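Structure incoming, see below.
Chain IDs A, B, C and D follow the sequence of writing; residue 1 opens each chain.
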Amino acid sequence: MEETNPGWLTRGELEQARAQMPILYVEAVPVRVDDAGEVTEIGLLLRIMPDGTMSRAIVSGRVLHHERVRDALLRHLEKDLGPVALPRIPVSPQPFTVAEYFPTPGITPYHDPRQHAVALAYIVPVSGDCRPRQDALDLVWFTPEEAASALVQQEMIGGQGTLLKQALAHMGRLV
Amino acid sequence: MEETNPGWLTRGELEQARAQMPILYVEAVPVRVDDAGEVTEIGLLLRIMPDGTMSRAIVSGRVLHHERVRDALLRHLEKDLGPVALPRIPVSPQPFTVAEYFPTPGITPYHDPRQHAVALAYIVPVSGDCRPRQDALDLVWFTPEEAASALVQQEMIGGQGTLLKQALAHMGRLV
Amino acid sequence: MEETNPGWLTRGELEQARAQMPILYVEAVPVRVDDAGEVTEIGLLLRIMPDGTMSRAIVSGRVLHHERVRDALLRHLEKDLGPVALPRIPVSPQPFTVAEYFPTPGITPYHDPRQHAVALAYIVPVSGDCRPRQDALDLVWFTPEEAASALVQQEMIGGQGTLLKQALAHMGRLV
Amino acid sequence: MEETNPGWLTRGELEQARAQMPILYVEAVPVRVDDAGEVTEIGLLLRIMPDGTMSRAIVSGRVLHHERVRDALLRHLEKDLGPVALPRIPVSPQPFTVAEYFPTPGITPYHDPRQHAVALAYIVPVSGDCRPRQDALDLVWFTPEEAASALVQQEMIGGQGTLLKQALAHMGRLV
C-alpha cells in the first residue's frame, strides 16, 4: 500500500534510508482512565514473533512524509486498535520522552536491529472498544502494577519495557 | 459550605493562612479538540466584577486539605462548567506550568492582592455540555487566535492572560 | 530562626496550618552530568533518624510566604549541600512531577505522617563541591543503576524512593 | 565533510531523502541565566541571507545516523557558538515542544521550503564565551521582552519567531 502514495517509500528506498539517517517514529501507550484522569489499565498488543515466541508491545510506527505527528499517532492507533477505540490524542506536541533506538545495542536502553529510529512517545487514553487488527493477536489490559512486573517486562523487546516504565513514572503510577 | 467540613478552613482561618504561607491552587484551561487532538477552541468564563466591569477567566480554585490535585481539578471544573461538561483530567500530574501569584505586583507576571498563591496549571479538554454556574455569567468559546488577541487579553486580570498565552504555546497554537 | 521573620510561621502556627491545608514543598534530586547532559550520578543525603536507623533522602523543604519557587529551591539546596555546590536551578518552572504526600497512607505512593504536603519536584545538576550541613551526615553519589536498586530504595522513606525512580525515568536512565 | 563519514548522506542522497520522509532536527534556544535559574537573556544568531537581507535564528541542525539527540545538540551548539560556550545540555530528553516544518505553508506555524523537518526543541543555558562560527555573522543577546517584540520577531523566518515565543512561555517569561 505504501508504494503507491506519492512521498511514501518503496521497500528498497526505505532500506536505503534506514542505513543513512534516523527514522522518525511515534509510540503510544494506550490507557484506560477513571473520571479523575487516573490511569487504571494499560493496553499491550500481543504478537507472535517470526520465531514463534510471543511478545507484548505498545503502539508504534513511522511518521510519513508530509504527515503531522498527531495524524501519525491517530493512524497507527486506528491501525492497531481498530476504528472505534476513540483515542484521545494529546493536545500538546510535547512527548513524555524521546526513545532513541540504535541498531547497536547498549548506546541507549532501546535497540532496533533494523535501523536508527527516534520515537516521540505519548500516553493516549482510549475510551472506546479496542479490536486489534493487522499482525496483533490481541490487546490485553494490565494494571499499572502488572505492567511494571518482571513477568510482563520480560515479554517486551527492544527496550519497550523500559519505555512502559517511563510512561508509568510520568503518570505517577510506577511504585 | 466550607465551614462544616472537617479539615476545611473558616473564613477567619483562611485569612490568617493567606497572610502566612503560599496557598496551593489548581488552574484549568478548558478546550475543545478535534479527533487528532488539535485544539480548536478555548473556553473562558465571563464574570461581573464588584466594580461592575466584566472580566474573563479560566477555571481556578484552591486545593483542600487531604484532597488530591486531580480531585481538586475535577471539583472546580464541575463547579464552574456544570455536571455534564465531561472534562478529561490529564493522566500525568505534571502541569504545563506553575503560576506564582504574589500580593506584591511585579515579582512574577502573576498578581493576587489577597494572597501568595501557587497554581498548578493544566489544559483540560471538555467534550460535554458546559453550563456555567455560581458567579460566572457565561462560558464563551474563542479560537486560539482570538484568545491571544489584545481584545481578550485585556479582559483578563491578575496575569491570567499571560497564563492563557502559555497554555496556547504549550499546545503549539500561539502564533 | 523562622519565628523572627515576618510572614514565617511559629511552630504552633505551622502545626495548625498543617492540620488545615496542603503545605507547598519543593524537592530536588541533585545529579552530576557529563558534557552531553547525561546523568552520571545521583546524590542522596544520609540521615540518622530519631530511632537510630539511617535513611537516604533527596533535598526537600517548604516554600515560604512571598518566596518564589526557584528561590526556595536555591535556599534548600544551599542549606543541604553547602554554599559552593553550584546548583543549576531549572530554567522552566515546569516540575518533572508533583508528589502528593498524604498523612493517610495508600492514597498516593507518598506518605508524610505530619501533614498533607504537595511537592514540586525538579532535577538539579550540581557542578561544585557538596558539603552537607544541618542534620545530614553525608551526601553519597550513586550511579543511576545503584539509585534504582532495592538496596538504596529500601533506605528511602515516605515514597522518596518512588520519586527518585520517577526522576530516573524522566532523565531516560531507569532501565 | 559530511560525504566522507560512513552513514552520512551525500548531497544527492540528502535531496532524495528530503523528498521522501521527515528529517529529524534538533533546535536549541541559547540563554543566559542568573543563580536562581531565571532567564535574563536569549541569544540569537545573525545571518546574511542569499538575497542580502538579515535574519535572526536559533541554533538548529540535523540529527545524523547513529548520533544521539544530546550529541547532535552539543555538536550544533559548538558549531554555531564556538568551542568555549559551555552549553548545559538538558538532563531530560523531553523537549519543550516539537516543531513540524512543512514544505507546504499553513499546515503548522513552521515552514521549510526545502523539506519536511521535525525538530525537537530545547532551551540550553550557556555560561561561557560565545564566538559564532560558520555562516553566522554574530550572536546578539536580547532580554525576554526584546525577544518577543515585533522588531525581533519579524527578523526571524520559517516560524522560528513562534518557536522562540514558545520557549519564552515555557520559561515563564512571555508576558
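Note that contacts are C-beta pairs under 8 Å (C-beta built on N, C-alpha and C of every residue); 3 or more make two chains touch, one makes a residue touch a chain.
All values reported here derive from a predicted model rather than from experimental measurement.
For the pair chain B and chain C, the CA-based superposition corresponds to a rotation of 180 degrees in steps of 5. Compared on C-beta pairs in contact, A-C and C-D come out with C-D as the pair having more. Averaging C-alpha coordinates per chain places the centre of chain A 28 Å away from that of chain D.
Centroids of chain C and chain D (each the mean of its C-alpha atoms) stand 33 Å apart.
In chain A, 68, 92-94, 96-98, 108, 170, 172 are the positions where the chain touches two or more neighbouring chains simultaneously.
Taken pairwise by the contact criterion, the protein chains are fully connected, each one touching every other.
Residues 97-98, 108-109, 162, 165-166, 168-170, 172, 174-175 of chain C touch chain A in their complex. Those residues of chain C lying in contact with chain D across their complex are 31, 33, 35-39, 68, 70-71, 73-74, 88-94, 96, 123, 125, 170-172. Residues 7-9, 13, 17, 19-24, 62-69, 92-98, 100, 102-104, 107-108, 116, 118, 120 of chain D are the ones touching chain A in the complex.
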